[in-house]
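In what follows, chain A forms one complex with chain B and a second complex with chain C.
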Partner chain A sequence: MKTEERLPRESLLWIFAAQFAALLPNFAFLPLWIVGAWGFAVYWRLEVFRGRRDLPGRTVKLLAVLLAVGGLLLSYRHWFALEPMVALLAVSFTLKNLELVNRRDAFLSLLLAYFVAATLFVFEQTIPYALYGCLCIVIITSALAAQLGSYSASPRRALGLSLRLLAQAVPLMVLLFIVMPRLGPLWAVPQNSSGSTTGISDSMSPGDFTELSKSDKPALRISFDGPVPPPEQRYWRGLVYSVFDGRRWSLGVEDEGGQRQWHRSQRPLPEVGPRYRYRVIQEATNSRWLFAMARPHSTTDGVVETFDDRLIRRAPVYGRFAYEVRSWPRETLNDVVPLSAVERRRNLQLPRDGNPRTRTWIRELRGRGLDAEKISAELLDFYHRQFTYTLKPPALGGDSVDEFLFNSQQGFCEHFASSYVFAMRAAGIPARVVAGYQGGEWVEQEKYLLVREYDAHAWAEIWTPARGWQRVDPTAAVSPERIRDGLQSAAADEFMEDSLLPLHRISILNRLRLQWDMINYRWYQTVISFDSDQQQSLLKSLLGDITPLRIAVLLAIPAAIALLGILAWLWFSGRGARAPVTSRLYRKFCRRLARAGIERLPGEAPRDFARRVRAERPQLAPMVDHITAAFEKAAYSGDPMAEKQLRRLLRRFWPMRTAGKS
Partner chain B sequence: MISAIVADIGKVLLGKEHQVKLALACLLSRGHLLIEDLPGMGKTTLAHALAQVLGLSYKRVQFTSDMLPADILGVSIFERESGQFRFHEGPVFSQLLLADEINRSSPKTQSALLEAMEERQVSVDGETRPLPEPFFVIATQNPLHQSGTFALPESQLDRFLMRISLGYPTREAERALFQGVDPRAQLQSLKPRIDGATLQKMQRLVGQVKASDSLLDYLERLVLHTRQSPECAIGLSPRGALALLHAARAWALIHGRGHLLPEDIQAVLPSVAGHRLQSEGGDGTQLVERLLHQVDVIAA
Partner chain C sequence: MPFSIPGSNSIASRWRELTERWLSRRAPASHNVTLDHSKLFILPTRAGLAFLLIIALLWLLGTNYENNLVFALTFLLVSLFAVLPVHTFANLSGVQLQLLHAGSAFAGDYAEAQLRVGRRGGRARERLRVCWPPEEGALFDLVEQNEATVRIAMPVVRRGRVRAPRLRVESRFPMGLFRCWSRVDLDVEFLVYPQPKSAGPLPVGATAGEGNSEHRQRGGDDFAGLALYRPGDSLRHVAWKQYAGGRDLYSKHYDSSTDMRLWLDWDLLAGRDVETRLSNLCHWALQAEREQCAYGLRLPGSTIEPALGPSHQQRVLTALALFPVQGSL
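Right after this comes the complex of A and B.
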């Protein structure tokens, strides 16, 4: 190996910096041993550089590969997923350090680093990660720039060069972002997510929603095309719990299966137009349910409607997901769909025993001959008179409904919804618990509704033969302000009081947080969700009609502008400083004389030139002498008046005419 | 007054008005002069006449190959009467020193003189003695192809502000020389026009000659050209550029102007830059001619 091919110290450090930058965000997703292995490989390579150790031999390398493959096999059971693929990339990246010998290896490692940096966007697409991705690209490009030449460039130069290169690439990037055809993925790699994020889950037991009320993470962002529903109508339905086992409400087994989903063609849309049209951007939930107002319909690909008026996505929502929804509030629909026998059974299901006091009380009410509406009103009145809304209710024992209704009488949405539905079912009225979000914060500047995790809510729906399914929110009977103004004002003292710092009480921080959410919203709207539909509409608004010719023009105009800019820059930078005024005036004089046939030589001083003119054209002599004297005064003795005089003299100096006359 | 000086010297050195002015400009800008010419062209006459007219103390040293630095700088001699060493000043302790045929002596002696020229002081036996003011050296050298010469290295040539050569006289001048009286007798009859103090005052005046931006632009273009042109092996150093500006200022003063014109630079450029520049072939004289033609006087 020739010595000049060896990597100098700066090169190595740059490579390690680039590797670290590219791997750092992935450390969170990768198994810990890969991080350790990377550190060890870097350490070994540095020891090699210091001459304390040799590069590993064939056997050691083979052993390392075997260990790595074994580690991957142990860490990941499903191979056909993104995380193992990224891990494989990281491992190969790590192992390459053990044979980082010459410049070619360095290039290979750095090109791989670009790829690793790009995998970051598989997991996260938020602004901080995007900025970090840019930083990664800058570092990797600098590392590449530092490899060039016979010796390593200084860090500052390499960084400057890479920044300049990347800045030049930005217009191209923007152009390609707008124009490149958006292809769907050729094959989708399933993402394997073991860690579930907080949010509404597929079952509800006492206390679940208190966890949610502690989180102020955004859950949904909803922008409306047309009217915005009033706060008391903002019920974002996500889940319907119809199975109660005495303590826990759950979805029931068959519900998530495919057979109960309505495909687009199977269920006729109402004949009247939808009242609300909106677009929901949902944060990752790692589950399939979506959130919308009843009764929803979506035209977005992969979103289907269930028969209990919810939206479900075919694949779980692993990243932010946007979908278009149209909603028909139930009261606008006239036709009542009859309840099938199966449905009736499902929505009347109760455990065989438990909660005897409630059952007796309901039996009493029924005995008085009250109908569904009356019983419901009786219950709500009972809530209104005796119950208090609190986020910290006392723990409930085995007969949770009985204890809640007759002993503690304190609770929040899930307690009310749960006990209400139990009571209604006991009365023989089909009822179900609905979970989702209620309310949201209207962001005026950007015109969207921000729904946070603490807006999670549970309410009830009952079925009557006259009106079909209708929403009843027992929480509203206890705490109307929870529905109208949100959790923060309903439970001001208890709201997020477990958080380490009561930051939500500082209004400026709340405003800043809202600002940040607006930026995020815009980022998602314009960048992340820029799909082929948006591309088409943007191109249409730019070009009117999308033809190959117009796209070519769209590409050619910025290219031409850029080239012209470069040309102008070269032109001006090549010209240097502008000549002083007197010199320009004198040059004008020389040009006029040249047209008259006497050309000044470059090295000819004004006085010498004047002498020559005097010899060749005596009739011009007086004028030329005056002008030369004025120029000398203006240019060399700093006489401020001389410049004006020079101008005046030049105005009268037309040697062509003078020569022509004589 | 300056034209009177030029005229006085012109009586002795016929038809060499340009060279006389150059020598005077060199002196006014506190530089040293190197005259390169064949023997018998009037080098010594010029030096002597200058000393006479300017009222300077004048000494002449004929350089030979066996000369030692002490022969120029002086030497300390033990005196029996006083019982201590006394310094006997060498010929360098004068206002105008004519170093004749400087390239005949060994490099050691040459460099002793050139050091004194640069520092304007002499260090002998650990004692530093200042040279008189003004101090002006006119060195002459024979063309290098003559036998028995030691060429001055570039670094020492650089110490001379100007290098001029007198050249053969014109026909008229030579005829006048044949017909006229003996130049040596003329030389004796020259009266000092000024004294050392006046000369120093005039030297200070040189620094006040105004150089406008346009002119400095021209100077910069010239200097840049010498540094960038493929013809020049060595460009003009900042010291050379500064020398050019000083000499041109003195030239302007000699012509009675308070500001510089491009002509001033053009006039002194061959003598200031000629020995500092080097072309591929060797000397820079032709190079300077081309330089003057190629660089535009007026800014583009």
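Right after this comes the complex of A and C.
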């Protein structure tokens, strides 16, 4: 092996630092044995470095490979996923560490580290992760720079060098980021399916939404193109529960399939224009449903509209996802969709028995000959008069609707929605529970609506022959503030009571949190969700029109600037270093003499020159002698005093004037 | 000439010939060369190609996951890859090479040249390598000092005046992903002596003296007697046995009865081919010099009178080195 190929001493630690940085966020989900093996391999290699141990022999290496393969086979069942891929990379790091001998191994290890750092972004795209990713890149690049050893391998210099190189690369990166076309996925890739479902789930039983009200995590960020709906219209529909088993509301069997989505031809878009146009950025839910106001339509790829006026996505939302929506509020439409027999049966379904008191009461109301609207009004009035809205409702037993309506009479949105829909169905009116979010906090600076988990809400929809499906929110009858001003003002005393510190009461923290959310929103809008549409519009706004010529110009101008910069840099740093002060002073002396008519010949030694001056201009002789002596002393003995003296002498040396006077 | 390349019409050698000719026009031989854009070449190394492969993989990852952060990283690495050659190039551009001294060597050994490598401007130059491939050559930095003196060696096989091939000056700074190099002809010429090959003991007295060689010569093989030791006598000839026996310090004196002077004669080695003869003569010359025994050289067409000392040795070895290459004599 050539000596140059052997790893310089500094580089080992750099490699381990780079591997550690790239793997650190993955330690959370990697099997423990991989983490342990990696640590052990590093320890072994360091022991080799200290000379206490030898590199493992062939048998040990073979054994390690077999163990690793076996371990991976045992740890992972599904191979077509991201985690096993990262695990495989981590294992290859580990095994490579056992034979980290020459520079080629080091390069390989570091290039792999770049890849591992990139997989980090597939898991998380938040700002902290992005910053951490930058840190990783800097460390890996420094490690690469330190591989060559010698002067630049010391930690500070390698770090400085890599920062300088990366800083120079950033402008081009930004340009490429903007202009490089984005192709869609070339093939289906495994998605990150770790992490449990958060937020609203596919079923609702009493207490679920109370849990949600304890979380202030952002759920949606919505920006509007045009009018912003008033607070009482901000119902973000996500799920429709139509099956009730006496306690739990759920979606029903066939719902999760695609068969309930509309075909464009079945239900053409309304002829009138949409009232609201907006863009929703949804946090990861690991489920397929999206959130929009009724009746929605989306042009975003992979988003389809369902039978019951919702949007769902073909693939679950594993990361933040943005979609464009146009909404036609139902009251603006006058086409009443008839209810099919299947739909009618679905939305009238009730358990065979249970909740007898409610059923009796409703029968009584129907006996008075009231129609759907009247019964609904009666119910809402009942809520309004007797019920309280609370985040801490008492627990309910088997006949939950009965207990709620006639005993406890305290509840949260899901209690009201559930009991209302039950009662309406009992009255023979098609009804369903809708879950989603209601309201949201308007962020004025960035012009978007921030919807948090605690804005989760459940309400009802009933169907009447005259108006079709219409929204009824029983909670609004009890607590209009909830709809108008949000949960925080509706249940001020109870709001976020369980959190460790009542941070939401400190206004400055609230402001800071909002600021942070705004930054996040910006980040997401500009970077994460930058897709080919945004690319087109940005290019259009930059260039006016997208033609190959203009794109070429856009690329050529920065390229030309960069090229000129590089040339200038090469020119200036390649030019001779500034001459020392002493020689500059001596040159000044020569220039003055030249003006007086005595030119120094090229290559003439100072002393020879002085002799010549003495011969040609005797009257200058004393000064010239002094100056030459001072120069020689300053230049060759490095005497700072002599330099000062030379300066002083030159100040009085004006051969032109002397020559003129004589 | 002995180096007729086998299959010299093959493509590889044609190519080599063409590039050499092109280089000799582009960068003619000179003792003093400053590297600039006209002499520098730059290409990615194998690590650089692997880096491109990683970029391609990252692009696939970013495309398939529609992940802009992965894209950003991909483009950052692409940009880094675009920035690096500038640094690698700047690291070599403006480096000045000057031949200080080209030494001499024996065939089969390494010939060493001394170069002065300086820089134009104050920019630090790191990890410069100067070598005659496939030798490793010298690896050095110009960071704090403005110039360095480096010694590089190449193996020499043939005796005579050997023109060194073009030097390779290269650098992979800063990240090893690009290699910038130049092929510099510093007009280095080595004087290569024949490879010393033993031909038995020194041929003392083997040659009949020519002309007036009747006088006895000191420093032969035959013991001539003892004389009192005088400062300056060789310690090797001190009669230690007698001294140990309690007597004064004596020197043993030798002389040669047949021929007094040592002649390294071409004709002594008749029957061997030219190069072997020269090698043998070379070996003798070295041996004689080591034993401090004055020697002369007789070659067809030239004679060097017996003497001792470095300059004499130099003359003798040079004569051997430059002995014309001939088919037969």
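Details
Assume the second predicted complex is superposed on the first by the 544 of 662 C-alpha atoms of A that agree within 3 Å, B and C clash if a C-alpha of one lies under 4 Å from a C-alpha of the other, contacts with A are read in each partner's own complex, and residues count from 1 in each chain.
One rule holds for everything that comes next: contacts are C-beta pairs under 8 Å (C-beta built on N, C-alpha and C of every residue); 3 or more make two chains touch, one makes a residue touch a chain.
Note that the structure is a prediction, hence the values are computed from the model and not measured.
Once the two complexes are laid over each other on the shared chain, residue contacts for A:D608 go to chain B alone; chain C is not touched.
When the two structures are aligned on the shared chain, A:V228 is found in touch with neither chain B nor chain C. Of the two partner chains placed by the overlay, neither chain B nor chain C lies in contact with A:I127. Of the two partner chains placed by superposition, A:I546 touches none, neither chain B nor chain C. Of the two partners chain B and chain C, it is C that touches the larger number of chain A residues. Once chain A of one complex is fitted onto chain A of the other, the partner contacts of A:L88 are absent, as it touches neither chain B nor chain C. Touch criterion not met for A:L514: it reaches neither chain B nor chain C. Chain B meets chain A in the complex at residues 210, 212-215, 217, 258-263, 266, 292-300. Those residues of chain A whose C-beta lies close enough to touch chain B in the complex are 579-580, 582-583, 586-587, 590, 601-608, 632, 635-638.
By the touch criterion given at the top, residues 2-4, 103-104, 107-108, 111, 114-115, 117-119, 121-122, 125, 129-130, 133, 137, 141, 144-145, 147-152, 161, 165-166, 168-173, 176-177, 180, 182-187, 189, 319, 527-531, 566, 569-570, 573-577 of chain A touch chain C in their complex. By the touch criterion given at the top, residues 47, 50-51, 53-54, 57-58, 60-80, 82-84, 86-87, 90, 93-94, 120-124, 126-127, 129, 136, 139, 141, 143, 172-177 of chain C touch chain A in their complex.
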